[in-house]
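Look at the two complexes coming up: subunit A is in both, with subunit B in one and subunit C in the other.
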Partner chain A sequence: MSAALYAARYGISHLVLESWQPGGQAALTSLIENYPGVPSVSGAKLAGLMKSQAVEAGASFVTETALLASASDEGFLVATDSGSHHHAKTLIIATGAAPAKLGVPGEDRYIGRGVSFCATCDAPFYRDKRVVVVGGGDSAVKEALHLADVARSLVLVHRRDALRAEPRLARRLVENPSCTVKWSSTLSAVTGDDHGVTGVDLNTPRGMEHLETDGVFLYVGTRPATEPFANLVELDERGAVLTRNIVETSVPGVFAAGDVTANAFRQVVTAASDGARAAWAAFEYLEDRRQS
Partner chain B sequence: MKSIKGRDMKSLVEDTTKITLVDFSASWCGPCQMVHPVLEALSAEMAEQVSFYKIDVDESQEEAQAMGVRGVPTMIVFHGGREIDRQVGFREKADLKRILENLADRHLNPGKA
Partner chain C sequence: MPILSEEDRKAVRQHFSAIEDIVPITLTHPLEDPGDTGAILGELAELCDKIKLITVHSRDDDRPVVSVGDHGRVLFLGTPSGYEFNSLLTSIIDAGRRVVRLQPETETFLEELAENLNIMVFVTPTCPHCPGSAVLANRMAAASRKVTSRVIEAQEYPELAREYGVMGVPRTVINGKFHWEGAVGEKNLVASLSRAIAASPDAAVVNLAEFMP
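Moving on, here comes the complex of A and B:
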């Protein structure tokens, strides 16, 4: 979104291929409290504001999903799900990431019947129920706090002995009387019946443990959405785009921004910053080529 | 795509000439808003094979619960009153179209291999 805003303001002739939703992962965040200048806002609201600001500045969006990007004589070619082929002299990859799965028994079977990746979407179904949240990063803790407001009890399962989340968030969770944390524990299976989830099996320092629960929310990292670019730019073992100087990929003229990159710190503010840098780098790249 | 109440669902999904997709969604859910234009587009493209309906889970809590909906969006596909598929969460248009084409093929042209 910020790459679109900056590209429009730099007067770069551009097209934003948007895969239906503005805001991606951030749009699914219940509350964002660390975006400078905006004390407290829902992810969906902030994403909507960013999009209207970009459109106002002249950004052109089309609702198409990129399927395959390749190098061409003129630069790059992007094929999309609408059957179009778009030519461009430079590309900015800002496709984000989707929630990762654990790959344990029962997980797939109960998606939507007790297994969820989106607390903002599904929290109202767990009013006065028991829930388990897996993870220990910002997303896990933030969404656990959101769930704790409606659920009867909440157990956070974390594989380490300390939370990775922002200390301020972590403290709020640990001090919340309806939350308990299973430290150094992993989820090994989701159990249930024909109606949905009834429990989880945990691997704890004291051995296997079965916990009864009505829902399991998974925040165990993300999968970068890089399939269309796998043959174009260099990726790391997780499938994230490797970059130098934050936004430069292994291919000159191709830039990357936000959660799709292998950069360590993934926040809305860093993604916005990446987007601005990527648009600027694309602008400089086009200027260099025009002059040479 | 037509909005319906939960109580009207039962008779609508009985259809055997088409398959029927019922989208259980909510106004407060981000992915529901994302999937809505996908379903609108598909309802225009696949009108001959698929009927599309939307149910607000806040207005039809009882029916959503009876269908085992524990997250939104949940898209349940019916043929002749029987559930034949269930998709939960946002789906890309191309993926959803492929899923629906396969279901329509299998259930509307059972003679065809």
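Moving on, here comes the complex of A and C:
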């Protein structure tokens, strides 16, 4: 979104290919409290504000999903799910990331029937129910706090003995009377019946433990959405785009921003910053080519 | 006081400029006052002279139902608010355009359909993944007389959500039997549905993911 805003303001002729919702992962965040200048806002609201600002500045959005990007004589070619082929002299990859799975027995079987990756989507189904959240980062803790408002009880399962989340968030969770943390524990299986999830098996420091629950929310990292670009730019072992100077990919003229990159520390503010840098780098790249 | 801000109206008007043909929208509502859904549809109709809004009072149910197009095959059950407002807008624009926005494989699949497909997509207004599934179902229904699509707001229709075991959204249920969890990719849905129909499994409930190519 910030790449779109800056591209528009730099007067670059551009097109933003957007899948369904503005804001990607950020839009799934119930509450964002660390974006400078905005004390407290839902991810969806912040994403909406960013999009409005970009559109106001002249950004052009189309609702199309990139399927394949390749190099062409004129620069780059992007094929999309609407059957269109878009030509461009430069590309900015800002496709973000999707939630990662744990890969444990029962996980796939119960997706949508007790296993969820989106608390903002599915919290209404867990009113007065028992919920387990797996993870220890900002997303896990934020969404656990969101779920704790509706659920009867909440257990956070974390593999380490301290939360990685911002200390302020971590404290709020630990002090919340309806939340319990299972420290140094991992989830080894999701169990259930024909209707959905009934429990989870945990590996704890005291051995195996079975916990009854109605739902399991997983916040155990992300998978970068790089499939359309896998044959274009260099990726790391996780599938994230490798960059130099934050936004330059292995291919001149292709830039990357936000959670799709291999850069550490993935926040809304860092993604916004990457987007601005990527648009500026694209602008400089086009200027250099024009002058040469 | 209008629901849409001046900024929203400007953006919607721009999207609606793609509409070429008349789009009939029917709101079925139980009360004299058609509520938020009626208000929002009224505001949308003001932004494009090709949208023809018809309001029908029915006491069968106390929840709004919105039908987009004149065929009755694209329905929104419950208020299309939050992210579902995007689904509603896209489905209105699709209905008014002469170009079908489906992939060639999907069009072939629909042309060769031997049986009718009743698609239900369960959604919540706070689900950013849901519009993709909702719009795909609506496009399939608009393109084929053999397909109906119902986009169901799960919290307003708890009895349907319970009946179809909805614990997460989007959940796509086809003919009450085949289901798909999460955001749906058009190619994957069509390929696995096509395989599943051909295999004609006996089970009462079939996860389409098992038929992924």
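Please note the rule applied: the second predicted complex is superposed on the first by the 292 of 292 C-alpha atoms of A that agree within 3 Å, B and C clash if a C-alpha of one lies under 4 Å from a C-alpha of the other, contacts with A are read in each partner's own complex, and residues count from 1 in each chain.
Simple rule for what comes next: a contact is a pair of C-beta atoms (placed from the backbone, for glycine too) under 8 Å apart; a residue touches a chain by one contact, two chains touch by 3 or more.
Predicted model, so just to flag it, every value in this text is computed and none were measured.
Overlaying the two complexes via subunit A brings subunit B and subunit C into a clash.
Legend: residue contacts after superposition of the two complexes on their common chain; A:H195 is shown touching both subunit B and subunit C.
With both structures placed on the common chain, the touch criterion links A:S116 to subunit B and to subunit C.
Once chain A of one complex is fitted onto chain A of the other, the partner contacts of A:G83 are limited to subunit C, with no touch recorded for subunit B.
In the superposed model, A:A27 lies in contact with both subunit B and subunit C. Contact with neither subunit B nor subunit C is seen for A:G253 once the two complexes are overlaid on the shared chain.
Contact with both subunit B and subunit C is seen for A:G215 once the two complexes are overlaid on the shared chain. Once the two complexes are laid over each other on the shared chain, residue contacts for A:V55 go to subunit C alone; subunit B is not touched. For the contact definition in use here, the residues of subunit A common to its subunit B contact set and its subunit C contact set are 19-21, 23, 27-28, 44, 63, 81, 111-114, 116, 118, 120-122, 124-125, 195-196, 215.
By the touch criterion stated above, subunit A contacts subunit C in their complex at residues 19-21, 23, 27-28, 44, 52, 55-56, 63, 81-83, 108, 111-116, 118, 120-125, 195-197, 215. For subunit A in complex with subunit B, the touching residues are 19-21, 23, 27-28, 43-44, 63, 65, 67, 81, 111-114, 116-118, 120-122, 124-125, 195-196, 215. Residues of subunit C touching subunit A in their complex: 7, 11, 82-83, 86, 90, 101, 103-104, 124, 126-132, 135, 154-155, 161, 165-169, 171, 179, 181-183, 186, 209. For subunit B in complex with subunit A, the residues that touch the partner chain are 26, 28-35, 37-38, 68-74, 86, 88-90, 92-94.
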